[in-house]
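Here it is, the structure in full.
As written, the chains take the letters A, B, C and D, and residue 1 is the first residue of each chain.
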Amino acid sequence: MAGNSFGHIFKLTSFGESHGIAIGGVIDGCPSNVEIDLDKIQLDLDRRKPGQSKITTDRNEEDKVEFISGIFEGKTLGTPIAFLIKNKEQKSDDYDKLKGVFRPSHADFTYQNKFGIRDHRGGGRSSARETAVRVVAGAIAKQILSGIGISIHAYVSKINSVELTKSYFEIDANLIDSNIVRCPDDEVARKMISLIEQAKSEGDSLGGIITCFAKGVPVGLGEPVFDRLNADLAKAMMSINAVKGFELGSGFGSVNMKGSEHNDEFLPGGKTKTNFSGGIQGGISNGEDIYFNVAFKPVASIKKMQNTIDQNDNQVKLEVEGRHDPCVVPRAVPIVEAMSALVILDHYLRNQSSRMG
Amino acid sequence: MAGNSFGHIFKLTSFGESHGIAIGGVIDGCPSNVEIDLDKIQLDLDRRKPGQSKITTDRNEEDKVEFISGIFEGKTLGTPIAFLIKNKEQKSDDYDKLKGVFRPSHADFTYQNKFGIRDHRGGGRSSARETAVRVVAGAIAKQILSGIGISIHAYVSKINSVELTKSYFEIDANLIDSNIVRCPDDEVARKMISLIEQAKSEGDSLGGIITCFAKGVPVGLGEPVFDRLNADLAKAMMSINAVKGFELGSGFGSVNMKGSEHNDEFLPGGKTKTNFSGGIQGGISNGEDIYFNVAFKPVASIKKMQNTIDQNDNQVKLEVEGRHDPCVVPRAVPIVEAMSALVILDHYLRNQSSRMG
Amino acid sequence: MAGNSFGHIFKLTSFGESHGIAIGGVIDGCPSNVEIDLDKIQLDLDRRKPGQSKITTDRNEEDKVEFISGIFEGKTLGTPIAFLIKNKEQKSDDYDKLKGVFRPSHADFTYQNKFGIRDHRGGGRSSARETAVRVVAGAIAKQILSGIGISIHAYVSKINSVELTKSYFEIDANLIDSNIVRCPDDEVARKMISLIEQAKSEGDSLGGIITCFAKGVPVGLGEPVFDRLNADLAKAMMSINAVKGFELGSGFGSVNMKGSEHNDEFLPGGKTKTNFSGGIQGGISNGEDIYFNVAFKPVASIKKMQNTIDQNDNQVKLEVEGRHDPCVVPRAVPIVEAMSALVILDHYLRNQSSRMG
Amino acid sequence: MAGNSFGHIFKLTSFGESHGIAIGGVIDGCPSNVEIDLDKIQLDLDRRKPGQSKITTDRNEEDKVEFISGIFEGKTLGTPIAFLIKNKEQKSDDYDKLKGVFRPSHADFTYQNKFGIRDHRGGGRSSARETAVRVVAGAIAKQILSGIGISIHAYVSKINSVELTKSYFEIDANLIDSNIVRCPDDEVARKMISLIEQAKSEGDSLGGIITCFAKGVPVGLGEPVFDRLNADLAKAMMSINAVKGFELGSGFGSVNMKGSEHNDEFLPGGKTKTNFSGGIQGGISNGEDIYFNVAFKPVASIKKMQNTIDQNDNQVKLEVEGRHDPCVVPRAVPIVEAMSALVILDHYLRNQSSRMG
């Protein structure tokens, strides 16, 4: 039983290999009669695309989304929304050299062993190119959420050792896209960029942390005991390539606190004095801001020579010549936003049937 | 659309309020013809039960599981396995005082606002008592996994500031239950216990970290791109009461590494030299040990006086008199194991149909 | 992947073997804050129970439903509603004789071969006793539907060769339960009863047709292209023991009509002049009455001597001594109503998220 | 919660409006490493396409399927198989006249009222054009089933009053496609064709019955108590445009039989002497042939003048000028086969996890 669908009511099914004809998706369950601004979708795709700055891969892919169904005269029909993003022709020669090689910490080995076959070209289905599909679906979700007063923003809060020490409520969301590393503090951003440039020159890669926050989420989203809003956010984030960790609100830091410090005192009106809970209590949104951190490992694609094996179990030296990102974290910002939007909209729609009247 | 079921093939549906007649569950999709040792299930329930030691709540609940269906002459029938754990009669007077009060960082407020009604007695459905159901289902899953060579162990690796610095592969799993805090190092355990006793005496609560590892998981479990094994583990853990964070393998620490350090070199035979990946690559198990950390906040139930509001939005002082755990982390060890077992068995069964022949 | 759950939002999971401790169910997704009249549920159970009249089995089972969770002070909590119906102690001696025998047209053979094990006592999970669970869940659904103006009625329209020639809109629903065969026409009912009594005396069994109609269903229920309201009704009916056929509206009779005769002309206000469509067009309810027929075969349990085989593939003579129904159709009336209610309520709730605003 | 996906393990998601850019589908869960013969898929598409003979619509659409993903070097990858069938440019003028009109017994009215918007061109999503997607997915399923010894055939057994009186086991499956009406008896076929030609000349339409049978289905497919093989077949068939009824094995005819006549006696080896059960007992295949009938109403598109209303509730006269099928039943044969194949393959894969070992 495969796993290429996400969501229960607003449900995205993703398809496509990185070097096939196209990647794409189908959204089933998008509410009807909603106006969709296609330009805004393209904008998010552009935030994710390769080649957008000196700290990303030099590959310059123009990712254009084409809608096949489900939108009519600018509005959603309530029928499935299908869309394609064509893949550019790639020199498959580049990949034929790697055909039988298992790249370290990539998915070549696991796909080959799970399925007994794989499309070796550029990672095939396991390529992070697949996340462009999520960005399209998430951009639609963000527009619908925006219509009900919910906003979602993500930004880079750490690259390797360089950390933004401000909290999410101390930053200006308008500054996120003001620099190429998507850290809303110019000084910290400069340090991050410099670190990434150094890694690029070494043929190495760096990881980082993305912080995401949602404002305006009404009380009541989340379905205990298993489909808690936090549980579905965690799953969404951990389903993104290269993600190794997730923490909500106080997160791992909560371990060092006492209950008397950590409890969020209720104030009249139902707001809380502090928000260590991260906007979710008992798996259900409580009306406060939702915020969380997502840890990205340094990506596996590096230029440095590595030891590995091939499909015949021979030891081989691997030196990858392709153009890869020294750090994917800045490009992952719209992906984190997109997955957050998918989760929150799906739970918004799920909650429509929780009460009668 | 509610969320009280977990898993796709081995699917647990959980039910019950903490102070109703009983809690319980139904497992649909348990393979037939498997011998089940009921005593082993009870053993895990006993590891979770309240009142088991001086560092847990003093409430002494004897949680006995009763099977209603699906097991015949000691074997699974392939039909739904239903079971009940009766609730002990509780003095509801204890709870009537709290009837209209929203306890800080509890789910009283969110349940009331989501559903417009709640069973206020002891948290009702939001009580961690519900996790006993998971322990029963997980104990069955662990038995089936054991039959195919997969073992799962969890232990306490941190309580507040006291941390076990050994890695999971340096500890002796047989020592986990040798002390009441379930930390497999006696000296560290003593420090943890002392810390918890102090918090208890203060009427306060502490958080901690549980580390879990699975051995013998075959290559190939996990369903990209969304139902990755790591994504489903994250969701499983984040669905447990009081959990605030999850990290797989190198986790948040990976952020500080470079790709050249983090990549797991393949050795002949397909094993890897290091295992920063935590046994999962591209969302699919690679045959190495799977290991991860789960962060628990200090629980919200404390004896200290707190400020809060009631359902009529009046400010009130709250002083809880019930007997609560100063630290639930030791009792959560079997819950983490159980949820891990549910995820891994479900993915084992999902993988049965991934290839023909 | 097992199949003991029904519905997507209002979801029933059924469990239990006919001679185990109990049968029962869990409803996840029942909207909160709805008053439930438990007596009405019992009433429907009584309409299904064995031994209720001279034309049913002589077994006298008092099926009492006991609610475990999800209902608090008479109202639904929005949490899972679990319930049990205890099984009466049965002389298992009766069944030990049949232990290894495959009864013709029963599910003994298929269960044994699918699962490699079975509870042979009274059919175990394959017994129609399981449908009592559906009646309970359906009775809850009927109450909720009633609150939004939807009524559902079923009745016996044919027993073997005796047929009620009136259409569903010509009968008086109040008369359905006025006789033991549940045919709302006394003269036809008498003939049916006489036919069944004769079959009983011969140790044989009879089939029949149940007609069901729903009034007050709003326009818009049903989810094309696969989860059409008619498709889900068909599945629901075909999932009932002994059902062999389903037809909506004009059904098989439509084959003999021309399009110009069959088309339902729209009148101002959106009503239609005729209703050959049976209240559903393009898989979506159109506001007209929904009506359909369900064909039940003569049940497989008969007293007459039969040839068959046992588990060791030996030919054996089978003479069943138990007390069985000569005709289950009258007792199946509340089951048909229950399954209809589950489908319609589930689609009502599904439709809550089909539009924004 | 929308309903454009079918199946649980071999899961088809369908998309597309009849006059948009394309229709298409995504199959998630197709087992990997299976060779696919693309020509055979096109063959089934050609059996469904319009304009194939004098008794179908004169519209000549060349339906070509284009695969986007999931197949690599002729084999399935285990990743989602996405495909498109482009729509030919249609004169939208034809449809603008009908823009606001609700055609009788079509889905215009229900779509408009459910979604508040619709693509009026040619029925949009409600058009039977959508079934071409099912034929593609079903053709893949048939190939996989063929590899495990399962064959599926459907044919026309009745058109209006002309009926093939032979049973499914008396016909020669090779003759099904030997005539344009797909009835494997030339004399009966001639009468059917003549009847359809007459209806065409009158601008009217006819219904009919398709009989389908599957051979080689192993014992054990079907998941009680709800996802019985027969229940899922019924749902599959009732989800096809214009279908009004379904019956398995003895079907509605069983009502006239006694249990002693209807029971299928077991013979040594587990075969049965008769097969009134239609190859399914207790919801599970028993190894005998599976066979069933599907009733199609006369399609709603006729040339004759009709009375109806428009969106503003005005009475209007409707005279459709497009080229429509006088009888869709012959073209529906591959659709019935396709949906049967989807059900049986899905259950085959579901059954992989029903037992351990």
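One rule holds in what follows: a contact is a pair of C-beta atoms (placed from the backbone, for glycine too) under 8 Å apart; a residue touches a chain by one contact, two chains touch by 3 or more.
What you are looking at is a predicted structure, and each value in this text was computed from that prediction instead of being measured.
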| item | value |
| --- | --- |
| Chain separated most widely from subunit D, comparing mean CA positions | B |
| Distance from the mean Cα position of subunit D to that of subunit C, given in whole angstrom | 26 |
| Whole-Å gap between the CA centroids of subunit B and subunit C | 39 |
| Intercentroid distance (Cα basis), subunit C paired with subunit A, Å | 46 |
| Shared interface positions of subunit D, touching two or more other chains | 1-5, 8-9, 14, 29, 32-33, 78, 114-116, 125, 349-350, 353-355 |
| Topology of the chain contact graph, where touching chains are joined (line, ring, star, complete, other) | complete |
| Complex contact set, residues of subunit A against subunit B | 1-6, 8-9, 14, 102, 104-107, 109-111, 113-116, 125-126, 130, 158, 160-161, 199, 204-209, 219-220, 222-228, 230-239, 241, 244-252, 254-270, 272, 276-278, 281-286, 295-302, 304, 306-309, 313-315, 350-351, 353-355 |
| For the subunit B and subunit C complex, residues of the former touching the latter | 1-5, 8-9, 11, 13-17, 20-24, 26, 28-29, 32-33, 66-70, 72, 75-82, 84, 114-119, 124-125, 349 |
| Touch list for subunit A against partner subunit C, complex | 1, 9, 29, 31-34, 78, 144, 147, 349-350, 352-357 |
